[in-house]
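Okay, so here's the structure we're looking at.
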Amino acid sequence: MSTNLTIGKAINAGLRRAMEADPKVLVMGEDVGRLGGVFRVTDQLHKDFGADRVIDTPLAESGIVGTAIGLALRGYRPVCEIQFDGFFFPAANQTFTQLAKLRRRSAGKVSVPVVLRIPYGGGIGAVEHHSESPEAYFAHTAGLRVVTVANAVDSYWMIQQAIRSDDPVVFLEPKRRYYEKAEVDTDAALESAAPMGRARIARPGTDATLLAYGPMVKTALQAAEADEERSIEVIDLRSISPVDYATVTESVRRTGRLVIAHEAPLSLGPGAEIAARVTEECFYHLESPVVRVAAFDTPYPQSRLEEHYLPDLDRVLDGVDRAFAY
Amino acid sequence: MSTNLTIGKAINAGLRRAMEADPKVLVMGEDVGRLGGVFRVTDQLHKDFGADRVIDTPLAESGIVGTAIGLALRGYRPVCEIQFDGFFFPAANQTFTQLAKLRRRSAGKVSVPVVLRIPYGGGIGAVEHHSESPEAYFAHTAGLRVVTVANAVDSYWMIQQAIRSDDPVVFLEPKRRYYEKAEVDTDAALESAAPMGRARIARPGTDATLLAYGPMVKTALQAAEADEERSIEVIDLRSISPVDYATVTESVRRTGRLVIAHEAPLSLGPGAEIAARVTEECFYHLESPVVRVAAFDTPYPQSRLEEHYLPDLDRVLDGVDRAFAY
Amino acid sequence: MSDTTAHDEPELVQLLTPDGELVTHPDYPLEVDADQARSLYRDLVLVRRVDTEAVALQRQGELGLWASLLGQEAAQIGSGRALRDGDMAFPSYREHGVAWCRGIAPRELLGMFRGVTNGGWDPDEHGFQLYTIVIGSQALHATGYAMGVQRDGALGDDGEAVIAYFGDGATSQGDTNEAFNYAAVNNAPVVFFCQNNQWAISEPLDRQSRVPIYKRASGFGFPGVRVDGNDVLATLAVTRAALQNAREGNGPTLIEAFTYRMGAHTTNDDPTRYRASAELEEWKRKDPILRLRTYLEKQGLADEAFFAGVDEEADRIGEQVRAECRALPDPGPLEIFDEVYAEPNVHIDRQRADFADYLASFEDAGAEGGR
Amino acid sequence: MSDTTAHDEPELVQLLTPDGELVTHPDYPLEVDADQARSLYRDLVLVRRVDTEAVALQRQGELGLWASLLGQEAAQIGSGRALRDGDMAFPSYREHGVAWCRGIAPRELLGMFRGVTNGGWDPDEHGFQLYTIVIGSQALHATGYAMGVQRDGALGDDGEAVIAYFGDGATSQGDTNEAFNYAAVNNAPVVFFCQNNQWAISEPLDRQSRVPIYKRASGFGFPGVRVDGNDVLATLAVTRAALQNAREGNGPTLIEAFTYRMGAHTTNDDPTRYRASAELEEWKRKDPILRLRTYLEKQGLADEAFFAGVDEEADRIGEQVRAECRALPDPGPLEIFDEVYAEPNVHIDRQRADFADYLASFEDAGAEGGR
């Protein structure tokens, strides 16, 4: 059955399907129960699966991730919602020193298949701590897989893949794109979906590669459309860790130019690693240095400044121009 | 007076001098009092300055940084010891969402001159969580300054500069080098010391630039010595955020090659940003892609494997070879 | 849940019954003269008006968000008025009434909700720190600050005290509990003021605590007290006593102000999704303003002219808030780079300069007739 | 600090006095026959021997570190023996005695301290999770696991219970307190077992808590009890009762086992820097092994042959521990990349392959006669 779904509703539908398929799947977090989450991503799940499987937790993120680990050790597959990106940090210890390392610590005797769902990124006019892009912290941490989505189709499938994965997965949801819609064939087999580790060529092109993920994919596609002079290939990265370098370097070798756009701050953002790595692997193919278009190295500013802070269409186009200035 | 000091003792002497100079300087952390810290870096301070200025805190890192912020808001200059790198994470929320952002939040009306001293890095044969190199998490966080030391002279001066700074400073101490010695002129004026933001050319050379910081500077110098064929310039970065790109790019333009060595995991480690940035700024000067020699993207392994995990002399030399393979 | 809760319903310190009757409490004697009572009433009404205006401004698109204090006026004015000049308050994000008592103009609060600043007032000038959104964080800041007060030797009868505000939900956070412990171990002069408004967004109290919140304190070794947070007199008396205790060097107290969030969590929230309207109706009968007004009327401490005067003043302030909100200047783009660091920072300076050039390129392009 | 501590010295549950006299406690009846008493004695002696050997092995450079349980044997054997097969324990890093009760061979513990693994035994096989070094973390894991037990419907008289071990210092951590609260709110079948050995490295108890630790529980709404941790019988009885209470669905209990760390914090530590030797002397008189031996002797429950037999067994185990430690195989370099992820990971595979090539280059070079 093909349904027109927003990203938010597609994640909701994916969660529902995962919960139906496996009684061990739990949903937990602040306000995920009766309210259905502040973004309604868990809407109706409490009603249909009950309070034992859809758990309104105390207001304590370390507790959410820490008890999820315990539930996973007991054989459950908890899907935790961290209400906003900026409220992940109280859970940093449980995520970085426990969740990410338990498998390795146990020499593989233990799996902790926990999913952390985190609405992330800016652009919604919010107060402080509600617009962060913390993906670099996760991607720098061995033991975690980090994925993000840019459309409803991927949202529906990738949340299910994340839940099925025996690795802990940080599932980043582009909150300002929650209402973007697409047709989703919700009856297809999970196995038929593209693996969540694979990057996707969202728009083919020949003159430069424009790489984005999550909320910036839409901006990248708009930029590619807007550029009438050059043929821009757009890659939707999907997996931030590990990065699908095969797809990325194949594209860059063809186009000779790479522009990376993300909302995370520039310095030590995911673009830094991709730029360094692609330069290593495509040194003789690059006509220009890899160009990065990112947020500035400042705290996310008050919302009246966010349109300047976030890379927008113009900044991405400016980045493309810079790539062609060499 | 010139004294022969280890890095550990030089930090101790610097702390003492800062406490003598300014009654608002406090030292706090787990076991920093009577014990003088597990590495004895705060040795004797409790005896000489009393329990009000050298505070044995409860075993709670969020509490250490959180109360230090409060003390700073009251006009104090707390120097917090986080006992080991791996135990920083419970303090991540206070450090990233509060300490780093309070000045900006207050539009400059508030300063939080807190120093976080963290013994970091591996190579001491320790159990898990005692050998981490978390500098990338800090360097990706706007609002923090991140510095590290490679010798006793810098240790003595930079800890004092960090304490004087009105910005929050993460002061990373290379624990496996605590016992390295040097002559320190402890009577010189603080103003005469090189600013902590400045990189240092630790060994001049002409054929390639080898950049390291903290514990890897010694290894880098050994590698440069060991390479009899090529003239390697070694840069001791000192400040990880902000990076002194003026010094780095000047060197790379001269040598045409850059090798970066650090103990932090490769992906999204500080080397990624430096590689990306230097490539942008020195695109036409680079004879080869920037080469990174780093720890692997795995959790720090059990200690019997650390000699393989940490970049050593051979791995650094291999990196230099790779730079010349282009 | 076990039946631990059921057993001992906690005693609620109350000086003014919901019917506006003055009662006494052995531990919390309070003398309020007519002037004081009227002035408390005035504060309650005015902060409610500021709040109502802010909600309306949000509806009109002038604010991005607002966290209403509706129903919590007495808890805030009572505790806020208990503070002395040298005291320091560490608020959460809903303490508009306390801010009012500390002399923060409503305009300054609006800036953050409008998105033109992230806070911005001078904490030292007002004895009122910036709003803190990450739940629990400020409890540790307050405790550290109080440790500074100790080190400054600023204790004693004329000494200084510190107060930390947070909600019922916040008591679940590790930071809040660490603060309780740091304060206890250090005997720090800090009062923990928990406004238990029964809800943390959609989660009722029983998701946060198995027992009444004030009991938490005893586990850390300091006193906890539950006060009727809709009773401005009791809140004033209990907070004053706790602050005095703190400033005299006797350490922390946890005050649980039992109150109710009569509005939505914020303007983004829709409480009909998770709570019964009957509950709200019940609490409307305990309205903190009504209660004090009844008292004033019954005792003949205020006449119609007084009430009309306060309402007029509220109208004026409402108008002023609307005007000032609209007049709040937008920040300029380059302010993104301001005050990230106290000291010169080459990296930020470079990004600022590059961005200035980038912005200027549009102006040039504009001058030349488009990009 | 205020004098809250001084007031009410907590009652200590004791069934065996330091002089080896059996006493009764109304709440904790315990029947121990001679066999059981002797077997407890045997465990105490054997784990102490394992510990002594491990300290020696560290001195000889065979281990990188060791955290000695000296003095805490009764707290660990008493609580460990209270566990049933299906129960799950979440240890900190010093629970060698509990590990013993759960059937973990000493060899498996040594691996982590020797640096050949980071843990490595199978938690499910033994009902004993991996050692956890980051203080407080495991309290939340235990609570979550217990929530899983609830969801599995594994409660009731024959049900399962969970126990979390941690130290006095750990009670200051946010995570530990969050665990208390999650357990309370969810009425989870978990027992929090705090070995209060009076020290957190160099910090005495008064830096961690203003009041006795068992009191913390009441603030979260569940029972706390202080037991003489050097009394193996009392610890057994109190833990058994708490576990039973948990498995029957009555929620968490906090047990404070009052004991003493007779050795250094770890082999890296030098306690003479921070504590008086008189304190140690005093606690030596309360030695948990001595106490049980006196009881066995006085009651004629064991004879010289028994004691000699246990000592001989200890000698044998000591020898075995030494031999097995030295025989622990070193991991191969490429194991760095193992089990970082459960699923195939291109990135790790690539790093592994590159490193294998790099290592091979030396072998080639070696074969060719040098780099």
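Order of writing sets the chain letters: A, B, C and D. Residues in each chain are counted from 1.
Criterion: a contact is a pair of C-beta atoms (placed from the backbone, for glycine too) under 8 Å apart; a residue touches a chain by one contact, two chains touch by 3 or more.
Chain identities (UniProt): A, B = 3-methyl-2-oxobutanoate dehydrogenase (2-methylpropanoyl-transferring).
These numbers come from a predicted model, not from an experiment.
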item	value
Which of A-C and A-D has more C-beta pairs touching across its chains	A-D
Chain whose mean Cα position lies farthest from chain A	D
Gap in Å, rounded to a whole number, between the CA centres of chain B and chain A	31
Chain A-chain C separation of Cα centroids, rounded to whole Å	35
Length of the line joining the C-alpha centres of chain C and chain D, rounded to whole Å	44
Length of the line joining the C-alpha centres of chain A and chain D, rounded to whole Å	40
Junction residues of chain C, two or more chains touched	117-118, 134, 172-175, 178, 181, 185, 207-208, 340, 347-348
Interface hub residues of chain A, defined as touching at least two other chains	57-58, 60, 62-63, 86, 89-90, 93, 97, 101, 104-105, 128-129, 142-143, 241, 267, 296-299
Complex contact set, residues of chain C against chain A	64-65, 93, 112-118, 133-136, 169-170, 172-175, 200-203, 207-208, 268-269, 273-274, 330-331, 333, 335-337, 340, 347-348, 351, 355, 358, 362
Of chain B, residues touching chain A in the complex	62, 86, 89-90, 92-93, 96-97, 100-101, 104-105, 128-129, 136-137, 139-140, 142-143, 241, 265, 267-273, 275-277, 279-280, 283, 288-292, 296-299, 326
Complex contacts: residues of chain B adjacent to chain C	26, 52-53, 57-58, 60, 62-63, 65-76, 78, 90, 93-94, 97-98, 102-111, 113, 142-143, 145, 165-167, 197, 241-246
Interface residues, chain D side, partner chain A - complex	90, 117-124, 129-130, 132, 134, 137, 139-152, 174-175, 178-179, 181-182, 185, 338-343, 345-348
Chain D residues touching chain C - in the complex, by the definition given at the top	1-2, 4-5, 171-175, 177-178, 181, 184-185, 187, 206-211, 215-222, 250-251
